[in-house]
Amino acid sequence: MKANPKHVLTGVYYIDGDVASGYGAMAAGCRFIAGYPITPSTEAFEAFCRWGPQVGAMFIQMEDELGSISAVVGAVWSGIKSMTITSGPGYSLMMETIGYGAMLETPFVLLNIQRGGPSTGVPTKTGQADMMQSRWGSHGDYELIAFAPESPQEMFDYTIRAFNLAEKYRCPVMIMSDECVGHMTEKVVIPEADKIDIEPRRFYTGPPEQYLPFKPDPDLVPKMAKAGDGFKLYITGLLHDEKGHPVSNEEYSMKYVKRLVDKIRLNKDKIIELKEENTEDADIVVVSYGISSRVAVKGVEIARQRGIKVGALRLVTVWPFPDEKIAELAKKTKAFVVPEINYGQVVFDVARCVHGQSNIVLVPHGGAGVHNPADIADAIEYAAKTDKQIEGVVEFKTRLEKLVFEGGFKLKE
Amino acid sequence: MKADPKGVLTGSHNLSGNQACAEGALAAGCRFLGLYPIMPALEVSERFLERAPRVGATFIQMEDEISALAAVLGASWTGKRSMTVTSGPGLSLMMEHLGLGVMLETPCVIIDIQSVGPGLGLPTRAAQGDIMQSRWGSHGDYEIVVFAPSSPQEMFDYVIKAFNLSERYRIPVAVMSDAYLARLQENVVIPPAEEIDIEPRRYFKGETDKYLPFKRDKDFVPPMVKIGDGYRFHVTGLTHDDRGYPIMNEECQEYNVHPLVKKIRDYTDEIIEVQETGIDDAEVVIISYGTTARAALKAMEQARSAGIKVGSLKLATVWPFPEKRIFELAKKVKAFIVPEMNFGQLVFEVERCSIGKANVLFISHGEKGVENIDDILSAIRQTQQMNEVKKCIIELKKGV
Amino acid sequence: MNLITSIFNKGIETSGIERKRISIPSDIPFSPEVIEKLGVDYFHTARGRAIPFGTGLKLGNPDLRVMPVTGDLMTLGGNHFVHGVRRNMELLVICVNNFIYKKIDGKTAPSTANKFSPYSTFEEPFNFPHLGNSCGAVYTARWTALHAEELAASIAEAITKPGLAVIEIIAPGPNYYTDIDDIDENLLKFYFDNSIIKNDTNPREVGITPEDKIIVGRFTDKKRPTFIDVYNVQLGKTIGEKFTPYGVTQTEKKKSGGSDGGN
Amino acid sequence: MEEPTKAIKEIHPDPSATSGVHPMENLLRMERMPHIWCPTCGIGLAVTAFTAALTKANIDTNKMSIVSGIGCTGRVAGYVKLDSFHTTHGRPIAFGTGIRVANPGIKVVVFSGDGDLIAIGGNHFIHAARRNIDMLVICVNNFIYAMTGGQVAPTTPLAAYATTSPYGCVEPPFNIPYIADSAGAVYVARWTTLHVRRLTNSITEALQKTGFSVVEVISPCGMYYSRINRLGDGLDMMRFYHDNVEIRNGEDTKNLDIGFQTKIICGKFVDRERPSYMERYNQWLSEVKGARGEG
């Protein structure tokens, strides 16, 4: 299916990532956004508020993040595509209902513009420290999809892709952007509507009496219905059977939760998107995502000037994690360098998939800024020079850490 | 420091996991409970409330879990040891304030009685699905200490340890129980008060105008003061300097947040507690925590009597993860077996730490819940036929 | 079906609204058989989130009639309630109030197994109709579940209201983990016997206290533009012709007024 | 120079007010000045009134704690020299409840904004009022989320503009005194930042109440609310208050709605007695102890 031309603001723009994402949501057919203002994500909501009503979309600013995500889940079950937008603290509040949405197999999109944490942290500056939270933040077992775009153009493109994957796999999809990308203003090209592919919702079309809301198709994803069509839907967040009725039959119910996990794990190859550069003959591979991968480009460049063979692997989708790809690279790579704007999150998954075959160097950054490319280059050089096998993740000491903790440093406001 | 005898019910009692939890808290000197009722954690609060008037403890039932943890943080700053108790959905709601607790470096204890999730799940059935959440559930970077008891006696002991570590490192500490342990009744021996060690809060002793709330001692832990003692301090969830005043730049972020991580990472040896059985000659090691450890130990004994060299590594503290110990073991043993009541959480950590030297077998939710000895035994048998190390988690196939 | 659900059934029947247009988001479990009989769509929501979930349903498809039935309303969902009422979303909020007061009108009240009702110990309960009214609810009423006739009539009346209507049902029993069918009718009798019908009382006066009988009845019934009404008027004014009013649906086009009752 | 000194003397009985030292120096964190608030913002006036009231009320400021949430007003805790907490969005009341219940010797003041207390924190607001937790809530209402750049708030009047209501606000605003009253607050007043003297008196009075007291402070936001709605700057808003405020003490709280640039009714509306949470708690405690023979 193609996008509705009414919803696509075709043209060339100079806008920031937040706004691009708002336009992307419109193009993807999102008809409802429930949000709550939080720096630095509000611009995406504002963009949608401004243009949405002119093409028949609805928006509401709810009383809190708990309310906005619940309204989004409700709106999806009324038959439309829906999205919410937030940042760290709001994301933490949404955790319960994200799990609830996963349980109901509700397709919705959540845009998280990450900022420096924990707690209130640094609201106006960047961070990438919610990555593990996006995978593990709600209680119980579930799997979902997370993107990490690196430019406003990608914010537009991957918002559409997020909606498509949400519909395809009936699961919540996260866009884990960050303040840098959200507030970065760049050229964004919005194509014609007929160039934008839209995944329509997989609606059930048979007789209502025979509808089973949680009976999966062969790809493990069930068909959906909407409220008001006479299906007498019974939808619950308790463990349920194919009819949706609550069960306490443990054997069956465990099979159900397993399917929630498996529908992503087994379709992994179709979901994962990576960008590789010069990894074939690389000694060192830099694994990065989001804004860090743009900074890493410079670091890689410096390292290459120093004569090191460096490749780059960029995780466009961070979850599900590309286990096999990393394991394959590990066979011929001496070390992986992982720059992240946190003190180690995705790097642990890289370490896991390497199975002791290569060294792992983390280039940490606490947030409120991005890496110094020279740190990344130094970390690459360190990794290239280290011949002994090191167990566990090596935390590279950055210039910032030395500056702050080694001698005579005074904080300035 | 020793425990306050008022809260210690010395003697031998037949207690459920939940009751033992309340007793442990009172013995540890907990004098404030912020709660919101949720299955299957009710008995903890009930027991606490019943004993509260005599012990002199206070409680409040708040309007939701968000405010329950917020109240606990507030209470902790008045100098009272405080805790809250909840289950999966409530823990999810508490995530934002877990982050605040970390940022304000507020000692408190969170008890989570896990049940099957996600969403509303199955509130009456035990699971271990919140283990990764307890480590990663709040936004931003932090490190946390998490205990996983496997019996009412351990529940009692670990809750006391949890309070002590939370005071020692000024962090929220979680104790992850589950719906099975919540109801499990066993004998619990509560020692006399003078045999229970209590870590006192590290108070600032200097003059009131000299106090800096986040001026760290050498071990990265800043001393605390109480509300109402005239220090007129300020603390904030924003990134802050020693005075607790917000500064919005990357130097301050590094200055503030890196120590939050370091104060745990650099002291993992002091914090981590594991119980090893039959490790020395083991070819296969079962890594387990919480109630699954019960089945693991039984399976180990049965396998040993059948002549297979099986050892057990039981994690009393799940986080920080004992990676060094597992690196060592990985080089010695053929395989790790990880039984969990979820679909794969801590097993990923074991996979990481096996560094390609040992196989990792994973056993998910058993049909018999915590009593899945047969599954573990069949996993042990499976390891006997393995000759090479596979570079992925091997999931035990079951007849489900 | 038990007492309450058969009252729902009767209320829906009397209102004449097509059953498939009705959605019930609720944080109280209903049994599948009951939903089958009611012939509505049912969503068992996360605790306390029935109102925002219903808000999403209503805004996603304004043709729906949404009836959140909630037990955790005034605890976890208190904020959603006051804001839902303020916006005047078109919802019929049914609050099953399982409060237990130790004494009412001098008599000792029976208690249920649920020791953790927010009011079981020493706290004073909300005056729920008053709170609803003060935030702007268009309709407030309170009944015990044994006032079957009146309650059914109230539901039939309120479900067609354009705006947020509130009905409080005094019914000790259901909570998050027990089914709505588990209401103990013996307990109900006590509250029925100790209540007194006073329609049109100022909601300010209807707080539940240990000293007095419980006042039940229909307290307020007023008109206020709904969220979608205001939205359409305001955006129509500022955007002009480019704006198509939201949610003017087939069903509503047939009717002349905003409210829709009957088939 | 005569005029201001006289005015300060009037609102501030402390003799140091005219001694060359800043009269509030002992209650403010002077090392943090200048503050973050924009020119013509009203929050500073509310803080002035609060500190003046603290001096006037003559209570032990060492036994006080001030808790704020997130937002412009949320920064107040950072400037007031009491034991002060800057917490998460919407939760200062819950945080303060913990302090008060765990240590009833502490007087808790929650100083935060409309978005913080009434939007995301609405639930804690009504529950603390119902429980009658002994706490003073000062709610600065500037009709908008200013910290995040001018989004619509649950207090934004109908048809007013904000960045997330680009076509005018479509939701009727809360009447804060009414909801506080109906939830059970024992003291409810509303003033604008023009009425510094009356506001100071109100806060002084409320500080001495036992129970949940609410003082709403209508404040100009020159940077967002006034700018987006083209209402001039802060001084114009003060002029507007001057011309359009009607003081009606004891008015029924249901008549206190605020429309877009309509009349604002100020005054003290509710002042009553209700047993506070701690009183009920202690009564329950003695009943329990009595029943168990532990009394």
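Labels A, B, C and D are assigned to the chains in the order they are written; within every chain, residues are numbered from 1.
We adopt the following convention: a residue touches a chain if its C-beta (ideal position, glycine included) is under 8 Å from a C-beta of that chain, and two chains touch if they have at least 3 such contacts.
It should be emphasised that the depicted structure is a prediction, and the values quoted were computed from it without experimental measurement.
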Quiz item: Counting C-beta pairs in contact, which chain pair ranks first?
Solution: A-B
Practice problem: Mind checking the centre-to-centre distance between chain B and chain C? Centres are C-alpha means, answer in whole Å. | Solution: 41
Practice problem: Would you kindly tell me how far, in whole Å, the mean C-alpha position of chain C lies from that of chain A? | Solution: 38
Quiz item: Approximately how many whole Å separate the CA-defined centres of chain C and chain D?
Solution: 32
Exercise. Go ahead and note the Å separation of the Cα centroids belonging to chain A and chain B.
Key: 28
Quiz item: Could you say which residues in chain D touch two or more other chains, in rising order?
Solution: 86, 88, 119-120, 122-123, 127, 154, 167, 281
Quiz prompt | Contacts with two or more other chains, residues of chain A listed in rising order | solution = 53, 63-64, 66, 89, 96, 100, 119-120, 236-238
Practice problem: Provide the list of chain C residues touching at least two other chains, using ranges where the numbers run on. | Solution: 44, 46, 76, 78-79, 82-83, 121, 123, 227, 235, 239
Exercise. With chains as vertices and touches as edges, which is it: line, ring, star, complete or other?
Key: complete
Quiz item: Which chain D residues qualify as touching chain C in the complex?
Solution: 119-123, 126-127, 130-132, 154, 158-159, 167-175, 178-179, 181-184, 253-254, 274, 277, 280-281, 283-284
Quiz item: Can you name the residues of chain C that touch chain D in the complex?
Solution: 76-79, 82-83, 86-88, 121-127, 130-131, 133-136, 204, 224, 227, 230-231, 234-235, 237-239
Quiz item: Can you list the residues on chain B that touch chain C in the complex?
Solution: 36-39, 42, 45-46, 61, 63-64, 89, 119-120, 123
Quiz item: Mind pulling up the chain B residues that touch chain D in the complex?
Solution: 31-32, 34, 53-54, 58, 60, 62-64, 66-68, 70-80, 82, 96-97, 100, 104, 227-238, 245-246
Practice problem: Please name which positions on chain C make contact with chain A in the complex. | Solution: 20-21, 23, 25, 29-30, 32, 35-36, 39-46, 49, 51-61, 63-64, 79-80, 82-83, 227, 235, 239, 242-244, 246-247
